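Next come two complexes, and both contain chain A; in the first it sits with chain B, in the second with chain C.
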Partner chain A sequence: MTDTGSPSPSRRSLLGWGGAGLAIGAAAAGGAVAMARTEDDSEPAGSAIAFHGPRQAGIATPVQDRLHFAAFDVTTDDRDAFVRLLKDWTAAARRMTAGHAVGEGAYGGLAEAPPDDTGEALGLKPSRLTLTIGFGPSLFEKFDLTDRRPEALVDLPKFAGDNLDKNRSGGDLCIQACADDPQVAVHAVRNLARIGFGKVVIRWSQLGFGKTSSTTPEAQTPRNLMGFKDGTRNIAGTETDRLKKFVWVDGKDGPPWMEGGSYLVARRIRMHIETWDRTSLQEQEDIFGRDKGEGAPVGKAKERDEPFLKAMKPDAHVRLAHPDTNHGATILRRGYSFTDGTDGLGRLDAGLFFLAYQRDVREGFIPIQRSLAADALNEYIQHVGSALFAIPPGVRDQDDWWGRTLFSKEA
Partner chain B sequence: MTDTGSPSPSRRSLLGWGGAGLAIGAAAAGGAVAMARTEDDSEPAGSAIAFHGPRQAGIATPVQDRLHFAAFDVTTDDRDAFVRLLKDWTAAARRMTAGHAVGEGAYGGLAEAPPDDTGEALGLKPSRLTLTIGFGPSLFEKFDLTDRRPEALVDLPKFAGDNLDKNRSGGDLCIQACADDPQVAVHAVRNLARIGFGKVVIRWSQLGFGKTSSTTPEAQTPRNLMGFKDGTRNIAGTETDRLKKFVWVDGKDGPPWMEGGSYLVARRIRMHIETWDRTSLQEQEDIFGRDKGEGAPVGKAKERDEPFLKAMKPDAHVRLAHPDTNHGATILRRGYSFTDGTDGLGRLDAGLFFLAYQRDVREGFIPIQRSLAADALNEYIQHVGSALFAIPPGVRDQDDWWGRTLFSKEA
Partner chain C sequence: MRPARPASVVIAAAAALAAVTGCTEKSDAKDGDHVINVTATDDKCQVSKKEFPAGHVELAVENKGSKVTEVYVLFPDDRVVTERENIGPGTKQRVTAEVKAGDYQIACKPGMKGDGIRQAVKATGGKAVQRDPRLDKAVAAYRAYVQQQADETLPKAETFAKAVKSGDLEAAKKAYALSRIGWERTEPVAESFGDIDPKVDVREDGLEDGQDPATDWTGWHRLEKALWQDKKIGTREKDLADLLIKDLKDWQNRVGKAEITPTSMANGAKELLDEVATGKVTGEEERYSHTDLVDFKANVEGAQKSYALLKPVAKENDAALVTELDEQFAALDKLLDRYRPNPRSYDFTSYDKVGKADRKELSDAVNALAEPLSKLAAAVVK
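Showing the complex of A and B:
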């Protein structure tokens, strides 16, 4: 047997030992500028995104290539135990986003104990991992916090065409893990689930293999599985004014614990791609209100040219989703394409895992989705999963933890 | 409406128009050396792997990061129609592996017709895409080719512990799509399925997010979801002698149409990762017969050090899988990790999609898997899907097509 106390070092595990203090210090120092990052998505995939900051990373920070999203249900009614879990999770997230294993040392030391880290990301780079936590409406019931439930954390209404599977909907809380290496994202969710054993259980989870949105203005909008660019005028991480107006919860919005937070809508949107693929190019372009090659709005030349809505058919997707059609409603999109095998009828179970951040869903997703009831695209898609989460503010420093402003007695 | 006849060019679509002849010529010229590639897996992800050659790419060529695997059932009994499909598929595969859209021009021209390509890979690089076709035992029944069915294409026996789901098993044929960008792999399978509409239907499919094997000797073996390196002495793409001995079908093996081909075993192996994660490090290492950090066999220092089997427990995985335990049985592994959401009981549906190539399963997978009946690992894994395919030889040139040696009347 090799000496398990001194396994061969990899870059990741080395940082996990000697370099930990230094690296965490650097991350903390970088925290304040985390949301002002301007790097293109093509930045080297190995780098780390600062975990500390006034807002959580994974929202306005550059969109990574891969996603593992998990919704959890809380199985304990012991508030103190749950708060301890939030603190343990924060410590683990701080380490993993910096590219370290969860425990001190590669496996937490004792050969007689289960490892502190499951190990499959050992040797891999930080891969711009971000971990973002959110709290669902049901959490406030479970811990008798209904007086602190934000007004904006509504129960989403039923929308036209919804065909929601409860096993892919809701959840007391969520973790969004994004990274350029899917193994790093899967590792992070798995280790948080492992740490939460006996207190939380995964309700549903979703892997996203390709980003469909960008928060970096210089990058082209990635194509969705319909072959189109959608959401080309997404809010960029550098657009401080639009972020302030449409994404971040302000002090006066209330409740105070949500200041610097946001709201996340997650929708699993199945695409009937086989039917779509038999539709003519002209009809596809009419439905979106864009050309397929460049992604330009009808009559325009470039994907980011200002659309002339009246040139589009009345039921065109771009027209119905546009802020001008919806009293200015604007969301930050961060969705991913998924393909989850086959549906038993010979069709790929594929589509868009739609993730949208906004300051208030009542002025963001809800009016937009209501407008989309008339969308010509609805013949080819179906919403099959849905959840809404309050995204608390960021973890400010080494002593702070996820959810402190909600759960701390001093807060 | 923009002029759909001249969409804005991207790198991919540009090649698809003016550069097509040139690029295909280059690919054809490179075909003969495709299997002798020695580049490390870390080679720039944008490059193309030659499609033409005496053997199919995607076996001994360097392992890419992502997988989309699909098993199809044939729904036509018209042999000529099926042969036409194989030719159409070959033409599409030739274009897609070179980084082009399926049709000439980005969408095949007419706005009134469905596009020749679904478009979601437009602008993406070739990403080392390989497409590998295989024929299952049932195909030989369907087209009255039982006299040409290879003896080595046996019906796999039931193995101890098998818990096979027929909806994740079998198939008349398979396509293995590997690429460094999952969108490129998904795009390829989807377009082949689209082209096959009315003749084939997807029986099951599997996304693999992370490779667990390497065919490049200089690369470290990637970790599986148990956090271990497994199959560290995999056959390298440069080991011509071992490939000849263990992977490629020889003329004297028979039947003649399989010369230069191979046999592929696909097994979906679910890992009970939550149970595994609560097992001590010592026990995990005893079960594998390796240390977790470096991946070295018991008592050794480095992952590729020759194992001393008697130092391991009798039921250690390495010991039971080793050629010395199985009369020399050796396979080329090309498996991928998967995570397909949640199983309804709060556990991740995660594991290893095991892919193994060999010259004869009766001297490869079957004896190894029988030996593994005693594997200590079996407490933590379960085989839930299974399929075996005959992998025909490569497509030699522009005029050749997948399966010609089996289906051509001259062959």
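Showing the complex of A and C:
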């Protein structure tokens, strides 16, 4: 499917209230979406997602199983060189998302020179690979672009409980690679990084598995590593109205170059897995405001039953993350679980790599995260990485390139 | 240096040097003239012709035996012209090489062991192949450079050895890194011999299976450990100092005869940066003395030399690449200069004093240079 999706009114009418909770939190959300699932929702496994379109793929696109996210620092101060890189990246992304090798391929060329493509994705299907680029606040300091920095691209405030590692935070730009095959996603980031040597360097990166939210109405709501269902009510790729209202930047919102784009918050949320696993079932369920088996909100029978927030404890995660608690604040989530080995103290270095898209973080992530300062879940999680990116509109056609609206002199 | 590797890898490296020779040469031989059919069985190695015109040669190998085999084209002194390993039973492989007029041997090795079953063959003629005289000049100049580096290294190594032998710890430490500069500048050529490198530049973890560090570990890094970690010089160290000089003399005598081609020069430059990326940037190479930045600088200088000699041709074929390489070499030089107070001395900051963020910056700069440098070979033979 394309990144705009095809609206399906019959399905949309079933989607109930809007509002994903946050991160781990979004266990919030009930809703009737499961019933709306039809066979035509699913993409054939391994297919290619259209790269061209008014909006970038990888946001409203049905969430793939795997993630490789990379944040880069720009090392060149030559604007033309950077624009050339964006064009080279676009060309490579166009080929890789279609399931082709980069440049002239991984073999068959000159024997004495390294091939253009690294080759580990040869023979693999496109695996619904999407590549999404974003520009961080620090990029605008470079290349004299401060007058083009969107107001919505704020410096995120410090939130209660943050323990941010600067080596896992920030970045001048990011690439989000999502695919159903991890090798395809890793191949994509690796080849883009290679093309970028000398102009950009990877600042930090994150692998993710087991999507923790879905942008497709589906029967099974994914669970996070705490074992709870997550993201039942996330905005679906088919919900044109809610996407328009909460996700896509409108022409009147900010700089014209951002029209059709979005804003991405990326947070690495470490879970204290061992202590969580020692927590009684009752406490776990109280903390989330849902039961663990069915995922039903407190006092309800089914996962998708409308939650009654006042029935939950005041510090229950669902209650605090819910749009009703946050003046309707709603975001689109594409989070993934991560496990990066152990931390040297014998504890699993695992958690949620939270990715949220919204039209304006000042009305999306920030108020929700502030509300979560009182969250009972905070005893079991810690935000250790953080970054914010402006996601420009899509690459329209063969002649267009990532970031053209920002970097074109005439734009 | 590199950790010790299986002999086959060493051979492959040598083969790569030899096999690329042809890329600047065009053979006039008719198609078919240059194809030799090789039929390998468990006890035979049959070739369809024993004489063929010099130039581009292609072996069409078929393994009709029951064992995995490998096929070599060898110089009379057993140096490898080209080779192909892992040819399974019932499979066919093509192996190509550029061969000058002269005598050779084709060897099949059923089971991939031993000296193999050999056939003497002859490349005839020596029809003048079109070569770019500028590249010939570059190769000659680089060969002279390599020899010069070896010649200049010997006295410095002798100063180091003398200090070790006189038991002067401080003098030995002072002379250590300087004695390695010429070697580090030309390492890929030295490595192409395969046997010298493991004697003079191996690290303890690079010893092969079954080798005993107490008796088999020789060369610079063994002495480095004695000087910086054990902080003492004994009889063994004094003997090792003599041995180092003996092995380096062997290098000095042979290095001028190494197979050098324009593409091996280009790829050698890239390999020097790879040496930096895998050994120096991590601080593994000089783990006791922390003189990694001296090696680092020397590796870059060696790469620069190759590049400078190939640049006129590369510029014609890929001007953008040359611009990029000039920029990245300059950027890396500038970065390295931050770590030495005097740009004419090799007195660099001790690498254990270089923080994590600075190491990443160095690593990024190496990647920024090595990636375009990997395209130099293609630009030279285009």
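Following the convention adopted for this analysis, the second predicted complex is superposed on the first by the 361 of 411 C-alpha atoms of A that agree within 3 Å, B and C clash if a C-alpha of one lies under 4 Å from a C-alpha of the other, contacts with A are read in each partner's own complex, and residues count from 1 in each chain.
Just so we're on the same page, a residue touches a chain if its C-beta (ideal position, glycine included) is under 8 Å from a C-beta of that chain, and two chains touch if they have at least 3 such contacts.
Quick caveat: nothing in here was measured; it's all calculated off a predicted structure.
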item: Chain A as common anchor, with chain B and chain C clashing or fitting; value: clash
item: Chain A residues touched by each partner, larger count belonging to chain B or chain C; value: B
item: First (chain B), second (chain C), both or neither touched by A:145; value: neither
item: Partner chain in contact with A:198 - chain B first, chain C second, else both or neither; value: second
item: Touched partner set for A:110, first chain B, second chain C, both or neither; value: both
item: Partner chain in contact with A:91 - chain B first, chain C second, else both or neither; value: neither
item: Partner chain in contact with A:309 - chain B first, chain C second, else both or neither; value: neither
item: Set intersection of chain A contacts, chain C complex versus chain B complex; value: 110-114, 194, 197, 201
item: For the chain B and chain A complex, residues of the former touching the latter; value: 1-2, 4, 7-8, 10, 13, 66, 68, 73, 106-107, 110-115, 117-123, 167, 181-183, 186, 190, 193-194, 197, 201-207, 209-210, 220, 223-228, 273-274, 277-282, 284-285, 291-294, 296, 298-302, 337, 339-342, 344, 346-348, 350
item: Contact set on chain A toward chain C in their complex; value: 75, 110-114, 194, 197-199, 201
item: Of chain C, residues touching chain A in the complex; value: 19-20, 23, 263, 266-267, 324, 327-328, 360, 364, 367-372, 374-375, 377-378, 381
